[in-house]
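Shared between the two complexes below is chain A, which has chain B as its partner in the first and chain C in the second.
Up next, the complex of A and B:
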């Protein structure tokens, strides 16, 4: 009897999955390829260290790079400690609420999910109203960075929280049974174990922050000169690309080159952050990723 | 409720269990029986639903006490009440009294972290932290205020030697504890508990996740620990309970509430059980 009967539905299903996957890869490859081909010829050392001239048609992007880095730094320095704290609170410290724990964490969790889904332009308007006007920070790197921090916090918190929740309960029990305090348990066992999730959250957040335009136009501003301080206005790279491609005729070439720089920058930052975390914060811990292999 | 159960519950002296310890005729005589933990009328409930009711027994110093009984009859709950790990579950309420030395662990306000240093616990599934072998023992020592690195190193070596792991791991103390085999991991967990020099060791089915060879090694170790430590061990392996324990307590679930049915010298409990349920359980007729 022929057991390998030809199943048309199975065949169709398998090949449609292949085709869709291939399509996705092609779109990404085309996008990256397009940016690379059109941008690479304009990329040079001078492009990175010169001031923009004639509204960015000529010259480089040095001040814009400075502003972008400063905005990103402000956003991360604000968001990471707050985000980690909230994640730890949500995942570890709410048990004292007893029967109110579930409703409380559920409510905070869904609030965060809603916040994560809000379009960035709304964050931009909020940042403008709150940081720029109400707190009087004006159009500044600081306003922009803080707005971005608000924007990336929900996603960062949720990623870290789910990472912490995924930590094997047996390690928590083990730590408690040894009379170890909450603080030691969190800092020496839970956080190092959650490192992959924290990293994922960080990379996701940085990607979103670096690529942000809408939230920054109203907060950190538009000025393409180098900022003097955190209270000075500055143009982020994504805003620069938007401006060159939409408002400046003949700016396309430099827009592509800037886009290529943006992509490379995100790549470099990811590698550097990973290396930094490895070296400084998790030096004492050797974590085997596939812990499942030892616990059958 | 099964016929046997109903019969035994109505006929026996179930309502007023009295546990008196007779002379030990043979087997491991561990000590003169001095109570280390005196437990009276201990009841535990989750969300106001009782899971363990009216347990009274003494845990004797330097002896091994085995807790036996079917799954879900409250053995593990009882064990985690002893080191107050149950406090972490805010839905749990504990009543009764549980005396360690002069302090009542139920009524008095006690330093839980210090208590857990005195009462160590080993879990069913080996749970070494995802850190190096050395750091698994170093971290609890540091936590309990041993600042001197040399003292810590000495204590670590001693604890690892006590569990027979030192020769196996001394060349790779800084490699991950998760690379050890299951049996080694469980012995590491025991070392991690005894490095704090506790008085009591609670073991929740310490061998059930291990293969027979590793299980025998750990069982051997438990027997060697008796005398130096008071051991309370939950086990489903009746042969093991019989081999290692000086005292045995039999738990059973009636109407979804765990109860202590019989407690005594393990030899008496296994050879001349007083209660029909015990007899049925140890001969495999029920449970």
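Up next, the complex of A and C:
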């Protein structure tokens, strides 16, 4: 191979690809470095536990963190059970439709794909019209959380569904041969094995929900007080960053600190969810692991 | 006894089937509800005397009942297509790097960086654009918040979409194709340009269409760095206002016809993004057929 003569065009191509990739790395490093350096210089414990003063220029983000967590909690508590139900139904329970199964799941699937592609600002419009005005929830954490739930549902369902479909058919056959009902099979065999996919779906959805701004501006509102109840308006962290950088002159320092908190929060949530799910599914996965190891 | 147990199990299964089916049905009707609410809220302006004004009014003065959205439609298209125009070559080059020119820790680090970039909230990207890029552009021509700035930040946002989908498409090219070409004496450049890229074409186009859809629907970046002046995009350094940014800016105080026209622009946006997503799926299934 080393006997080939020097090929200038090939050499040029290779190094231009290297250069472009290096440029991409530098730009990403510029972005991340900027957020981390400017963010860390203003980040302190006080910043996390204080109330914002003079519309966020000074003080901290404590009530905003509370609102963000509450909005996220509402979104997840709504979306996860519904999402898992739909995924289970789509992947496991539609076989009794016979020849109509394929078109039916195809239709539901493509509906979900369209929903996943709808821009978040449109979810904001829908949330404002439906939750805030039609259902009369007003600008509240509840309507913001429910709007986010609608937004993350399709992604979560699709990830869980593909995870369930990837489970080997023999596992279902084995469970059936042991006389297990469908429901038992789902809870004790399929869901534990699908854990990585459910986890991936959760992390993806929470990342999207935490980062979301446009859908929340006119559903959960702008108020930066600490919320008294779920029907109170609350400002999410992403909305806070937007407000500080656009509408508050001299808010950039705190905007960067909030941006750093937002990114760190997404990372921490990922780690915590991973640990929680590990513990939750521990018993079941252990049984399955021992079975697979004897099987192989 | 065994029969009884069996019965009760079946009843549980049947119950689960109906209950979960009902939930799925409700979940599917969400799409219908979204479309219906957008349509319903935009009815006043569609039925009223302003139906033609979206296209024929020269500009957007909602307080004077002039709802010409075309300048913002052009701005949205210019921003989205400009961002795609920049992100596509860079994204494909990064994908070639990932698929052919890197291995081991460099490959996994580069992939990790792309995944991190994909996870950076768009509002953070907007903040970065506002404090880092806008002053640079402003030094050429104030105010700095412009079409160009929005295109640059947005191209960074959709770069991971293009890179990751293209990498997947390139990695899915059967290795026999590449080995055959190598055996025929192709150098690596020709293998990539003449064998791998054409074979992965459908997958790459699908990813690019997805990126255009994301760019069109993106709100925060264009809201923060595009300048928000309603005008036809005439130059790269001119401030413009995109359709999504307009909704975010005016929704807070819009009433009646004004509010309805904002919902109408949301409906318009949804339909365009829907069409793009369908095209993207078509291309992806094409990819499956060629292999």
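Convention: the second predicted complex is superposed on the first by the 253 of 296 C-alpha atoms of A that agree within 3 Å, B and C clash if a C-alpha of one lies under 4 Å from a C-alpha of the other, contacts with A are read in each partner's own complex, and residues count from 1 in each chain.
We adopt the following convention: a contact is a pair of C-beta atoms (placed from the backbone, for glycine too) under 8 Å apart; a residue touches a chain by one contact, two chains touch by 3 or more.
Computed from a predicted structure; not experimentally measured.
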Once both complexes are superposed via chain A, do chain B and chain C end up clashing or fitting? fit
Touched chain A residues, chain B compared with chain C: C
Examine A:72 and indicate which partner it touches, taking first as chain B and second as chain C; both and neither are also allowed. neither
So, A:189: does it touch chain B (first), chain C (second), both, or neither? first
In the superposed arrangement, which partner chain does A:170 touch: chain B (first), chain C (second), both, or neither? first
Go through the superposed model and pick first if A:181 touches only chain B, second if only chain C, both, or neither. both
Chain B versus chain C as contact partner of A:198, first or second or both or neither: neither
Just chain B (first), just chain C (second), both, or neither: which does A:80 touch? neither
Between chain B and chain C, whom does A:96 touch in the aligned arrangement: first, second, both, or neither? both
CA minimum distance (chain B, chain C), superposed complexes, angstrom: 5
Both partners, chain B and chain C, contact chain A at residues 96, 181, 184
Help me check something: in the complex, which residues belonging to chain A touch chain C? 7, 9-10, 13-14, 16-18, 20-21, 23-25, 27-28, 30-32, 34-35, 38, 82, 85-86, 88-90, 93, 96, 107-108, 110-115, 117-126, 128-130, 134, 150, 153, 157, 181-184, 186, 207, 210-214, 217-218, 238, 241-242, 245-246, 252, 255-256, 259, 262-263, 266
Residues of chain B touching chain A in their complex? 83, 85, 88, 90-91, 112-117, 120-121, 123, 125, 127-132, 135, 139-140, 143-144, 174-176, 178-179, 182, 185, 189, 192-193, 196
Footprint of chain A on chain C - complex, ascending: 9-10, 12-13, 16-17, 19-21, 23-24, 27-28, 30-31, 33-34, 37-38, 40-41, 90, 93-94, 96-97, 101-102, 110, 113-114, 116-117, 119-128, 130-132, 156, 159, 187-190, 192-193, 213, 216-220, 223-224, 244, 247-248, 251-252, 262-263, 266, 269-270, 273-274, 276-277, 281
Can you list the chain A residues touching chain B in their complex? 95-99, 101, 168, 170-171, 173-181, 184, 188-189, 192-193, 284-288, 291, 294-295
